[in-house]
């Protein structure tokens, strides 16, 4: 449904998403929500005449709390499957993006790392409370002391500076992000040839959300995947086809 | 909302190991801030020419610069320049091995200095002019006046404001995570990253911070009672 | 920092940053107002040691000062609506910025109450005694005598906290309200350049800090009470003469 | 008018008032004499509930207030019927001379602004400070502050006015004027309790003299009785200097 | 010993001192009399650089200090040679009675602790406050504070002591004692300038009397000259009450 649908009696659904998670969900220069996740939800909105979706931005944990307390009925914020969340929420049926994480380093200062095993004895930066930090921790749990994990809440500038200055040897990030860094700061950071981690992200619903809505969204997303719309969006926002099978 | 106490206690256990780091940053900054802030407030009280206006401007300026920017700038400058300086000074220390806590402490000290100087300035205004008369009439030097009369009378007044400041510093020290220092807050968040149970982590942080605050409050209260009892009926 | 920082970007971002200023100012304005009202009330209760209220106030202050504001926002944002729901009040239609106002208002009140309490304690006891001897009530005493004398002591610390609050409203951003710092962060998220946005914000804050200082300087001078008032209430002398006659006490002859 | 029964006051272990009784009739001027530290100021402060006595009661008009049981409301009512002039002046530092007089009138007597300002102007004139009306206390000389304090108390027109050394900062001329002023006030029916070290002043203005020492009343009576037919040795010793002076 | 030349002081537009000259010889007691607000306190404050006069100079011993040119060091040196007893006592609120006397001795006179405490004890004894030595000013009566102020000034043994109404808060007995005390001090060669409203005291203790009004010296001379052969009308009027009293 389009904006005018609001007048035609369509149910309004609040969708939780992010404020500053480029390229998935962020406020653009005009203060409008934009990004891949937002575009996917908008595409679904187009298909569903009975509903209009409005966005409610917050940070990652707050969006979960918003969903839990029913301040939003649905969330699109790169949520991966995890047992804890499965207990509290309802996941959408289909994943809409794959999350491929690579090891990032500065070839001028050292080497390009392919896997966690290559990082033995190195310093690796990860932002506190992110997927990347979680995956590094998981690896470290199985291989204690394999590398030194440096936590922090760096800005983009800091991460790039930390890697290029050798303050850390590497960091973890998806490819598009590295491209962005290189473009914004004239650097040439490199990634390994294979991702060290991948998973899919799903839409998330409150347990009390109307099953009819959930069903409608699921169908719409399947259709959009099938007709290639999602792939287009992926190419537009993520510079590549990151649509999971 | 569902709330898992086990998760919270787990966070609490991990995060409380970092109380030392948090306190170290807050208290070091407070000590530095109080010393420098006192200096600035005295310069302004005695209207030392030039310096007084200079500090007034500096304080106004620094007040307006966000802490985040200060930390960011310190980090970026240090990471770019430190190795160059270190080499030219023939130090063996490199930025890589540099303890980031000091960047946080530097930024927090700045905050503490600005706050302290203004707190002292207010407290000085509360000391009655008659007391300065008394000091002058017996020929105390300025330093003696400050030590024997001004500070003993101003400090009891300013204590509640300093407890505000110290508690504020404890909380602000969580900004240290911007430069890779793991403090109470960061530690709690790390425990939450596997299961995304942030609420429990935040509550754990709140419990620890509140505990620290209660101790600060208690100490300040005892000091306050002790120091200000004799001044309560002060006249003129 | 060449590639990290360029003045061109500062200028480019500045108008956008500026556009978020009203949000910040509104939050700070409301928080300061609530903070002063409630803060004064709390300070008064605690100085006067009013039973029960003063204990509650002490716990409130301790809690607010002692816990991260984020946690307080969670309590206000999630806890209060569900509590109100239990008594059949629906606040789901409220604009979410109201929760931000409440959170910052309470937070400011707790911190200011301590500053004000400190300042009240610095007023010589004779001032209180004079009020009592004139038969003023407690509230009259506070409003007319104590508070005007408190201003000079509390003002500097109050000024720092207020300017600091300008930078602190960014909590609003976590629930999607874009204030100045939030805007800087949002720009940073899109362009990968955070530094320039923050520099723009700093320019704004410094300007406000200077303005605030000018205002406070004036206030401080007015509250100095060592220079004779220039203007004063004047009455027609005719009524004065009448009154003299009415009162009937003879004027004392000098010499 | 006012009756004070068995007022006792302790600071820590030290007994400062050991049971003072006093009766003051309407329009009477009672003067407390006694050496430094004998408890005169403390006694006055107890009468006004600035200090809460540990024991005793105060009857003012028809109402008896038992000091250690009185609640805030009773105390306020009591305080509104009394006024005090302080040894250390205790003017409102944030108010000009004139405002010091006007403010209590507006707040406690429900006067209109006009009435309050008029009355203040009359009183300022009386104490000779019309010119200084817009000065803050910190800009006034000791004697000037003292006079504003007196004017403020008079403006309130209370049942009882308590004076603590009202002439200590005044020059002889003003002492004379104040004497006249107090007499005028007394004649309008106001009742006064005052502490002074000016014997001549006490002698001339009082209806009754109470000599205190060490928190106890040693001797009391009319000025004539106390000054000229002194009974107690202690009082005699204290008064020596004054009687010497009178004898000159 | 001390010579004061053409001291002028303005507060805003108001001229408070209009050029005062004064000479004080070693061991002399000079008393300033004058109505309230005539500038006596301001003058004393200028002598001690508590207030900086706009014009004039002060010669103390061999050194002349030009008031509007003096630097911090000269002022401090000057202040260390003078001491002052204040009308409002101005004791250090954060020090006990005894510490108020001891502290200046330790800090400005380089006394040993032992010496300072011994001297303080002697002086406390002299002013009759040995028992109250560990009380804070806020716990002392007006007269008690006044006496600590006097003791503090005496302890410093300065070239000149300035007294601002040293007896205003004292009872007649203490006035007598203080008189004796000041006389003793004067005999040890100390020089004093005092402001008082106690005419008898002034008459008895002074070597020279200066009568001020409106920031100007109206008349000066020995007590006999000023009190008994008064030249100026204004002075006569002012002294009326005292001479009346003497005549009784």
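Letters are used for the chains, namely A, B, C, D and E, taken in the order the chains are written, and counting of residues starts over at 1 for each.
As a working rule, a contact is a pair of C-beta atoms (placed from the backbone, for glycine too) under 8 Å apart; a residue touches a chain by one contact, two chains touch by 3 or more.
Note that the coordinates shown come from a computational prediction; the quantities given were computed from them, not determined experimentally.
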Handout entry: Steps in the shortest chain-to-chain touch route ending at subunit B and beginning at subunit A
Key = 1
Completion exercise
Shared touch partners for subunit B + subunit D come out as C, E
Problem - Centre-most chain, if every chain is reduced to its averaged C-alpha atoms - result: C
Handout entry: Fitted rotation between subunit D and its twin subunit E in degrees, CA, nearest 5
Key = 180
Completion exercise
Between subunit C and subunit E, the Cα-mean centres are separated in Å by 47
Exercise for the section: Averaged over CA atoms, how far is the centre of subunit C from the centre of subunit D? Could you give it in whole Å? Expected result: 42
Handout entry: Distance from subunit C to subunit B - Cα centre to Cα centre, in angstrom
Key = 21
Completion exercise
Among subunit A residues, those touching two or more other chains are 65, 69, 155, 157, 161
Handout entry: Shared interface positions of subunit B, touching two or more other chains
Key = 1, 72, 76, 80, 128, 199, 232-236
Completion exercise
Touching at least 2 other chains, the residues of subunit D are 88, 138-139, 173
Fill in the blank from the handout: Listed in rising order, subunit C residues that touch subunit B in their complex are 1, 4, 62-63, 65-71, 74, 78, 111, 114-115, 117-119, 121-126, 152-157, 159-161, 163-164, 166-167, 181, 194-195, 198-199, 201-202, 204-210, 213
Exercise for the section: Enumerate the contact residues on subunit A facing subunit B in the complex. Expected result: 60-61, 64-65, 68-69, 82, 84-85, 88, 123, 125, 128-130, 133-134, 137-138, 150-155, 157-158, 161-162, 165-167
Completion exercise
The residues of subunit D that touch subunit C in their complex are 48-50, 76, 79-84, 86, 88, 90-96, 98, 103-104, 107-108, 113-114, 117-119, 121-122, 125-126, 128, 133-139, 152-153, 156, 173, 177, 180-181, 184-185, 188
Problem - Sites on subunit C touched by subunit A in the complex - result: 3-4, 16, 74, 78, 81-82, 92, 173-176, 178, 182, 185-195
Fill in the blank from the handout: Per the touch rule above, subunit A residues touching subunit C in the complex are 19-22, 26-29, 31, 56-59, 62, 65-66, 69, 71, 155-157, 160-161, 180-181, 184-187
